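What follows is a single structure, and I will ask about it in a moment.
Chain lettering (A, B and C) follows the sequence in which the chains are written, and residue indices restart at 1 in each chain.
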Amino acid sequence: MQSTIKFVAPFVVILFLLFPKVIIASEKEEAVIADAKLSPQTQACIGCHSLFTPGIVQDWLSSRHSKTTPSDALKKPALQRRVSADIFPDELSGYVVGCYECHSRNPEKHKDNFGHMGYRINVIVTPNDCKTCHPVEVKQFSESKKAHAIKNLMENPVYHTLVSTITGVKKIEKGKIISEKSSEETLHETCLGCHGTKVDVRGIKKVFTKMGEISVPDLTNWPNQGVGRENPDGSLGACTACHPRHGFLIEVARKPYTCGQCHHEPDVPAWNVYEESKHGNIYSSKGSTWDFSNVPWKIGQDFKTPTCATCHNSLLVSPDGNMIVERTHDFGSRLWVRLFGLIYSHPQPRSGNTTVIKNKDGLPLPTTFTGEVALEYTIDKSEQDKRLDKMHNVCTGCHSTDWVNGHFAKLESTIKEIDEMTLAATKLMEEAWGKGIEDKTNPFDEPVEQMWIRQWLFYSNSIRYASAMTGAPDYTTFKLGWGELTNNLINMRDMIDIKEENKRKTK
Amino acid sequence: MQSTIKFVAPFVVILFLLFPKVIIASEKEEAVIADAKLSPQTQACIGCHSLFTPGIVQDWLSSRHSKTTPSDALKKPALQRRVSADIFPDELSGYVVGCYECHSRNPEKHKDNFGHMGYRINVIVTPNDCKTCHPVEVKQFSESKKAHAIKNLMENPVYHTLVSTITGVKKIEKGKIISEKSSEETLHETCLGCHGTKVDVRGIKKVFTKMGEISVPDLTNWPNQGVGRENPDGSLGACTACHPRHGFLIEVARKPYTCGQCHHEPDVPAWNVYEESKHGNIYSSKGSTWDFSNVPWKIGQDFKTPTCATCHNSLLVSPDGNMIVERTHDFGSRLWVRLFGLIYSHPQPRSGNTTVIKNKDGLPLPTTFTGEVALEYTIDKSEQDKRLDKMHNVCTGCHSTDWVNGHFAKLESTIKEIDEMTLAATKLMEEAWGKGIEDKTNPFDEPVEQMWIRQWLFYSNSIRYASAMTGAPDYTTFKLGWGELTNNLINMRDMIDIKEENKRKTK
Amino acid sequence: MQSTIKFVAPFVVILFLLFPKVIIASEKEEAVIADAKLSPQTQACIGCHSLFTPGIVQDWLSSRHSKTTPSDALKKPALQRRVSADIFPDELSGYVVGCYECHSRNPEKHKDNFGHMGYRINVIVTPNDCKTCHPVEVKQFSESKKAHAIKNLMENPVYHTLVSTITGVKKIEKGKIISEKSSEETLHETCLGCHGTKVDVRGIKKVFTKMGEISVPDLTNWPNQGVGRENPDGSLGACTACHPRHGFLIEVARKPYTCGQCHHEPDVPAWNVYEESKHGNIYSSKGSTWDFSNVPWKIGQDFKTPTCATCHNSLLVSPDGNMIVERTHDFGSRLWVRLFGLIYSHPQPRSGNTTVIKNKDGLPLPTTFTGEVALEYTIDKSEQDKRLDKMHNVCTGCHSTDWVNGHFAKLESTIKEIDEMTLAATKLMEEAWGKGIEDKTNPFDEPVEQMWIRQWLFYSNSIRYASAMTGAPDYTTFKLGWGELTNNLINMRDMIDIKEENKRKTK
């Protein structure tokens, strides 16, 4: 420790030289930061980092964390409270939530903990660290499908095959396409960009920085903020996926762009459908005048139309404070049916870890290829009704009961029709497999198979999403909707015939 | 009536308990609502609905309707007036435009009128109701193509076949694709989402609400706000398509997101082309600082670049108040040529009801399949010139005459070239039909036919739109433009050859 | 001159009548314009144009030009200065930068100079005119690839063939597709809309305006603001491509919509990738509260996440004023590798004029069709390192060194993999050419060739862009990424086989 302090000495000087400037910056942010509220450790962090990574420091200055001590946060009435812990570690409660408060939590669990300028620092702040103040949110999240996003993708043999098929580099050998194993880098930039990477510690390495050479943990698959990231402390998830560093603004999480980063066309077109919907139109036209920071969030007063968070996550009350729906960080907990995720729609799975599922074909999938649901792994009718009721409650914040009933009846009809359309495509696919026109061993790596994928992964998802979100009729008709669904089905039929004829002739 | 009052009694209590809260909410909106200006009936509506659908009430509080009585609206100078009636029914003129004022109009015409808590209420407010204060706008709209949007689509045998082909659920029977009749629900979520549904009354039904069981009209194809909706009072259209409930803000109608809900890629890419244009760029960059509410709308002062409404609808004046162009709610009335709608461009039709047209092939289409225009149903040169002149006037609000001339000359060249490209694709199509490679009986349900559709419905439309809107060069080149137009034509040629050869071999 | 003055006389009267109104307008803009600061000539311009093109005048009133004299602009401290000249022509320095100040520069060089209401006016203000006050920016720009955007496209035989192939009108003659020469109008609306047109003067013509008939230069390919426009004074470029008339707001140039006009999917999806990235999400969520006008631009304080300009152009400083990176108008000068432009990635070319390049095949391309780089025309390792270092500096404004290193290592891996994927597609293409299945004479006009184009022009570009911009994982996976790259490669293989079989059978 002594030796580190020596090393730090010159920075302490810098710290004192710089600190006034930080305060100046914060005045520009119209924030009043009482010096006394910053822990001495955080003051040291800021001393250097306002020189070396000033953007982060400024972003933090714009956060609520930089202005609030946990003990102040607790003083709010229950519904307005943004922390869910009732008690905090002594060393935290009197200081605002600064660099050190977060980056020094649970060092014993953090394989990425390292000595840095005389302090023990974790590179990555994980859900297990955020849990100190936000335990309810972390618990809900940890049980959700999102927390298991890596495993649910990569340990599902069907999806894993799809991942490998599309992300492996291809070479041509004697005219044939040979696919290599997907690289870590490409997995990281594609599927795992959203699902999350496994961040592990390989050891310690030296990096050359503006401050000179320093030693830092050597992390795998870093940087990444995928929602199901596997962290060096063993925890699952990255809160920063939706609450980006270091402003952590609830406003950002509540705006649709955040969800839209991953929930984007063509496979999960939630953002695109929302943007074309009436709700999205009003949001785009008037949203800049609404209050996206208020807790609890008042329907009609703080905002006039929902964003993703309104329906799926946020604590909502009426303008006179009556509870409409409770906050949740289990993003499936208000959903009764799963519109995407695999081939056919199905009741939401019981567990956020979907690898435990076994369907009739013995695969860890919620339905068989022909649509039969693995009922013992999915929620039952009474749970479905309870969840539908929650969502119903959100809608009737603005719409009449009859209106909302009409909406959901239409959605139910669409789900049924789209599952039938998927079955039609699957039947053509089975014909192609049965006749040896394409080879089912890998069900995703030939032309007709690729057409079949589009049918359920792109077009069916789009139509179901648009139906669920009260409509984006142009999207549902031509963009990635019924027009493509029909066109692609017709083309599957034709391509099977052409390939069959070709096969016959070459014999 | 007596019996209803009894039923209502408990709500009267609630009303008195709640009303102060409503006023509190409106203070937050910085609106000063004098109690006296709300009709007693509207007070009763708000009493309950601020409890049961608070979002609607809050939205209405943000509207101009909630703050203005018709008689006040009349006091403005003519150009600033937002109502076009000169006189109002006595019972309306002294109250702000509240729930009851709109939802109780013309009850004798409304099949959807029902007894609700002691009042006779229409579920749907229709153009015929809005006409009370906005007669000029409703008349203009009622004669437009938009008001006839259902009929123009569904009673046009060519388009109707396209609608059926793409929206019917498909089944596979003995390896063949069999298409079922499109369901009401899917029509509603696709084509009729924008064009409008037929909302009829099947009778009265009971629904279970937060207030208990109530009786309401049993409506078909509801909820819907398609622009040509057929209403239970026999009127055509939904003002709410562009002026969404219950804020009715002119600001929303003037922003491009509203038009973009339906005028979206790939078939009507007005929004997408605008977004990529210079006008759209400046709007996105600076639009949040402009005044979208002012009437009349001052070029250069209220806004710096046009949105859709500027060119197609709004009353525009120069900063010193000189009229540039009059307001219109007939959205085609400034247009001389129809860029989309069918296969080839053509002069705008004379009537908003396009089903009256008969072309040389006897079809209700403005051109034949080879491009010959049904001249007696389309506007003549002199009317075209008059309309072009109006649009010219809008453009010269900011651009020099020579600039504008150059722009329109370019558009004319593009229209001509694109019609030639469409003709080329049609010739290939006719070859395929002539050789029996595909079957013209349904001209839309086979692979080459589907390629032909794309040619005129997606790519040709896109290029014409981009040309008309002063450019989105990337869109016109690669997105859905010349690149696709060429690629698809080449592929049509190849696919016809492949299918012909296959046909020959299987003989 | 006498005769012109006579002609102008009535306008002088109008001028005096109108001028007060202009001042009223400017008050609304909260700008205080001292009459004395407008040159007499500019006062005359405004006198008429506030009547005839009021939008332009209002837009100019919102500009910094309308409020600043060159001599005032010089008084700012060096880093805050928005002009790079040290001295100005006497006639300019005391007046704000009005109509006449810009439209009368260098008349002897302007073939588009003409007599207009008693003044000699240039229709087009060119980089050579802007150079009067902004010489450093113009010099940087003039040496960039952007300034040579027409030549680099149209004098590159490979790209020129692609341009002609897609933009020529096609006719069907005896069942064959015959392509005509691309029209000037269509070139203008497609490729040259972004790259720029050649604006030349054919003579003088009369136009009929609201003021009556006037004589103006007869310009070719006008209006156009393409970034590499060839101007009637011989200069290259249009500053208005990014600084649109007549507000010239730095705010617009710094917002991503400006770059997005041309850098849009599917071929150059910079905007689309940004929009889906974390940076883009935060920009969309919070950008409206940031300062896009400040010079120098303070990281973290003026803005929290980068836009295009941040990384590629702007002068950046830390909140306490330390230089992070200097301003540049050579848009490639912070780039070490060229991610798009031709088939394979390669080091940035040495000269902005890429037609000087000769690769091993003798073509003016930076790589051969199989990826070999023309090293003597591209920057060397040490220059690459210098540029990478600049970009590194921008990133470490907010991110740790290790984070940034991890990002760039991932990009490097992706570039390598994508070049391999392109090579695989090229090998299939060469098989098709070698077997006579398609004809290499024009390498872009047949179906498999069109598939090959997509491979490198759409999908490869998209993946490299997404990687470079810290990710848009959904884009990289399914939108135009690995999913399409794989699907299209598989389809190339299949289509070659089908066409080969067809060819064999027809023999």
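Note that a contact is a pair of C-beta atoms (placed from the backbone, for glycine too) under 8 Å apart; a residue touches a chain by one contact, two chains touch by 3 or more.
Predicted model only: the values in this text are computed from it and were never measured.
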item: Topology of the chain contact graph, where touching chains are joined (line, ring, star, complete, other); value: complete
item: Interface residue overlap between copies chain B and chain C, same or different (over half shared); value: different
item: Interchain centroid distance [CA atoms averaged], chain B/chain C, Å; value: 34
item: Two or more partner chains touched - positions in chain A; value: 288, 498, 505
item: Complex contact set, residues of chain C against chain B; value: 18, 21, 25, 28, 50-59, 62, 165-167, 169-172, 175, 177, 183, 185-186, 188-194, 207-210, 216, 219, 222-223, 225-226, 244, 247, 249, 251-252, 255, 257-258, 260-268, 288, 445-447, 450, 457-458, 498-499, 502, 505-506
item: Chain C partner contacts - residues on chain B that touch it in the complex; value: 276-278, 280-282, 284-286, 288, 299-301, 304, 318-320, 322, 396-403, 405-407, 409-410, 413-414, 417, 420-421, 424, 427-428, 431, 463, 466-467, 471-479, 481-483, 485-487, 489-491, 493-494, 497-498, 501, 505
